[in-house]
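Paired with chain B in one complex and with chain C in the other, chain A is shared by the two complexes that follow.
Take a look at the complex of A and B:
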């Protein structure tokens, strides 16, 4: 009796651990790895490292968008800031004759300003974040297009011929194996993790998401905090833009237009509440990897055309959120508890 | 006087004024823009966005959002055009399109209203799945060679330069607007969006209303798909992607609040007209169409920020008045002592 009871308790605490969303995501990730590598021997780690460029932008941006969504906002302009960064680097370097690193710094500053502008409208004018960033996505994509028209190079070709020191951002490999992008991603995870979970700033971000009024009463400048999250997401998008431009070797204004939905999917799948107040960097990073590996493994191991990949990603998103909403449902958890108490009685 | 005040309080009036000022301003620069033909053409061009915006307006009225309408438009356009190309009658194509819209709408409604999942996230998932289905259905190829009568239908005129499509759509919008504002069931949509728990308390079937809103949204997007294929003449697998954002933008321009419970279909139509005339206006002003996105973004941000600031001001004013009233009540009046 004693034994079975302790076993049950152990199982229950194990289940509590399992309930942690990051653990579930890690299991999904492991599951994907097993399935894909069983299905085909083409699915190898080294091959995956090679194709990291397809997903690196989404991996990077979703980390930073997590900040915005933790405060209860949403950012759908990040995708268009990627293109803006890219074209600014190109034009500043080629047409304005700037040093490539100077151009990169200008691009990051402009991206941060774009984020600040949207953040200002959200926090100080009280406009819904969805609307502002929707307008921002039009505006910044439009500005990127206009800048590309100002260049001597025709915009559909894109600006290319960057110096090697710049393209090395994406071609450099540590020990000839680990691509630099992965290192950047890992470093950014660490930075974001500490910023959101270990600093005063991060705790303020959470408090603004849980209850803005309470945050305001406890002396937090909640408006400034909200604004700063949009600046962060702008900077994140610009980093993604730099990495992507360096990888492609061309600066184009329409990079990243299609990123919006995958980014939001990654953040939400990572366990961030869209109403704010809950979320984690590790969850987002794992979820982005889950999506990335799904998009990478399905064509490789099962020969599914890349055009169809929206379906499994969509189904994954829907299954997960339906499952979580059922798990959070008091009726469902009551049934669950009943089931376990019956088991206990039987014992 | 009271009616005049009432009219100015209506949010779509500010959008209408904005439309008039915008068109008037363009007319000052280039008077040929204000000719009847050009104005009617603006109206004709807005038909797809009017349908989409009015559809999504129903979802927004109830306080939700639907970002799957672009994919719905694409799927219905691909399926209906394939049917028409293979010799089906327009009735079959229309029924199939409506069926597609209904199924997608029911699915969205089930997830959002019944399961209570945040609408943006749920419809985002639907968007991916439906978009994928377009590729599965068309194998990534374009649907071309639509029958001539079908593509000619988009040029068919009713009176003067007014196409049959926009005439039907406008009549439909007016009809729906009357239902929304004048009938008991129609007002449910706004009531649910304004205060969902309050609506439940007074006996409004909140879940059913939300599901119905999504079904209407899906059906209108599907019909927009048919109109789209008739106007464009070929369907790519990416048809309609990004249209959901433009439709939401049209609603916002038309004075519909994204938090629900505020706005009208007339506003959505005005927003759609502004949205779809941006390109034409640029041509008349002598700019290249490169400015399209920039202008759209600036318009959208300006109108929402101005609107939000105005609302904040009235809110603080009301708050102050309430406070004054309260202190006046609390202070003992001189007459009371006697």
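Take a look at the complex of A and C:
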């Protein structure tokens, strides 16, 4: 009797730890690895590194979109800023004759300004973030197409022939194994982690998400904070745009149009509340990896056709979100406890 | 700190998995080199899935590959996007397939990924829509831009004549409606067709010189189609050189109660997808090539090259059940393009078909 009791206590505290969302995600990640590796010997780490380019943009952008969603906003324009960044780099370098790095800086600045414009409408004009960034996604994709028309290269061809120093961003491998993209991703995780979880700025971002009015009363310029998160996500999208352009070797205006939903999925799956006030960089990073590896492993290990990959991602998201809200629901946990106390009585 | 620990743990686990996996991995490059295409695996990639054109190309590829004894694996994304196609290519490389046969959504964006695939020992063949000529071996083309651009305009001219329009002297108002400004093949036909119109029918007026685009989106094709009709009440001819734009444009005209006596719509699409509109009298003639044959030829050549065969310009390859094809230099498609001495070139499909109500029921795609 004594034994089972202490066992239950142990289980309960274990359950509490288990509730830490990042741990759950890490377990899911581990589970995926085990299943995929057992199912097929084609699923290897070296092959996965080759495919990192397919998910790197989503990994990078979702880190920055976490900031926006922690304030209670949403950003569905990041995908179109990827294309805008790409085409600006191409046109500024090829047609305006700029140095490639100058072109990159121009692109980042424009992306930040795009973020700032949407952020301004959200925070200072009080328009719903969903509506503003939906408009932004059309506006910036349209501007990108317009800029591509200004180039001597027809827009359907894409601007290519970038100098090697630029394409190195995505082709360089540390020790000939670790792709540069992975290093960029890890560095960005560290930067975002410290910015959101270790600085005064990060605490303000959280406070704005929890209660904007309370944040105002405690002397925080909540509007400026909200605006700044959109600037950050714009910059994040531009970094993804740079990496993607360097990898493809082609600047195109329509890169990134399909990224919106995977980005939002990664952030939400990472434990960020869509109502704001709660979220973590580690959670987002792990969730983005969970999705990326799912999309990589399913076709490889189980021969699932790539056109159906949205289905398992959708199922994963729904299961996890519903499971989490059940776990957070006091009535559900009461039922859970009752179930276990009944078992104890039976013993 | 507590949040970092699970992350580091999982990274550690990933790495440990990686290390034990490495030992079991076999070198991929040493595939048996022979001349038999039997048991080869070809990954067949469309621009997007769920489109009648690409699905029927896949049907053709599957049908013939069964006869020839190799497998064709149809892999694609529902979105026509560069990044999605790159992912499909990378997955194909990782899965250890022998060859890729792909219709590219972008003229250069897949080059890096395809070159990587070639470096891993895969054969790369393109069909329908090309990439840079150094990123693939062969291209199975439906025709040169001049052939197809002229065909589009001529189909319109024939239908206009049947409506009683004097195409030589009247200022025919026309517009182009296709997928997007960023896709290679359709834009090259549009440019060639436009040039042909300027030379042959100088009186014609293009009411929308920047064209209409519906991004291979079936619903958008209908809404763009109706806005063309709204914005240009007196338009005579709409050329839809895209297999999604054409049915959408027909639907829009049908919704508005227009028939082939009021407006001429023509373009490229499969016979099945337009049949109902033709029966309803909305459209008179449209065209295409047999995409099933095109897909099959592409897959055959991909398997043929991966079996260790090499080809050069001028070679004639006999494809069982289909016929003989000739390897032509790359500059028949893109002027000035160079052709490597070995395993590089273009294969032209032997024929293209114009569909009317008389022959549309003879095809099953």
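Worth pointing out:
Keep in mind that, in the parts below, the second predicted complex is superposed on the first by the 332 of 347 C-alpha atoms of A that agree within 3 Å, B and C clash if a C-alpha of one lies under 4 Å from a C-alpha of the other, contacts with A are read in each partner's own complex, and residues count from 1 in each chain.
By our rule, contacts are C-beta pairs under 8 Å (C-beta built on N, C-alpha and C of every residue); 3 or more make two chains touch, one makes a residue touch a chain.
Computed from a predicted model, the values in this text were never measured in an experiment.
On the superposed chain A, the positions of chain B and chain C overlap enough to count as a clash. Once the two complexes are overlaid on the shared chain, A:199 sits clear of chain B and of chain C alike.
Look at A:99: by the touch rule set out above, it reaches neither chain B nor chain C. Of the two partner chains placed by the overlay, only chain C lies in contact with A:47; chain B stays clear of it. Contact with neither chain B nor chain C is seen for A:218 once the two complexes are overlaid on the shared chain. Touching more residues of chain A than its counterpart among chain B and chain C is C.
Touch criterion met: A:307 reaches chain B and chain C at once. In the superposition on chain A, A:244 contacts chain C only, with no contact to chain B. By the touch criterion stated above, A:165 is placed in contact with neither chain B nor chain C. Using the contact criterion defined above for the overlaid structures, shared-chain residue A:145 touches chain B and also reaches chain C. One listed stretch of chain C collides with chain B once both complexes sit on chain A; from 2-10, 20-28, 164-172 or 272-280, that stretch is 272-280. Put simply, chain A uses residues 145, 149, 305, 307, 310 to touch chain B in one complex and chain C in the other. On chain A, the positions that touch chain C within their shared complex are 20, 22-23, 25-26, 29-30, 33, 37, 41-48, 50-51, 53-54, 57, 145, 148-149, 154-158, 160, 193, 197, 244, 247-250, 252-259, 280, 282-283, 285-286, 295-296, 299-300, 305-307, 310.
Across the complex, chain B meets chain A through its residues 65, 111, 115-118, 120-122, 124-129, 131-133, 135-136, 140, 237, 245, 248-249, 252, 258-259, 288, 290-298, 300-301, 304-305, 307-309, 311-312. Every residue of chain C that touches chain A in the complex is listed here, in rising order: 2-4, 6-7, 9-10, 13-15, 17-18, 21-22, 24-25, 49-50, 74-79, 81-84, 86-88, 90-91, 93-96, 106-113, 116, 180-184, 187.
Chain contact summary for the complex, chain A toward chain B: residues 74, 76, 121, 125-128, 130-132, 134-143, 145-146, 149, 261, 264-265, 268, 274-275, 305, 307-315, 317-318, 321-322, 325-326.
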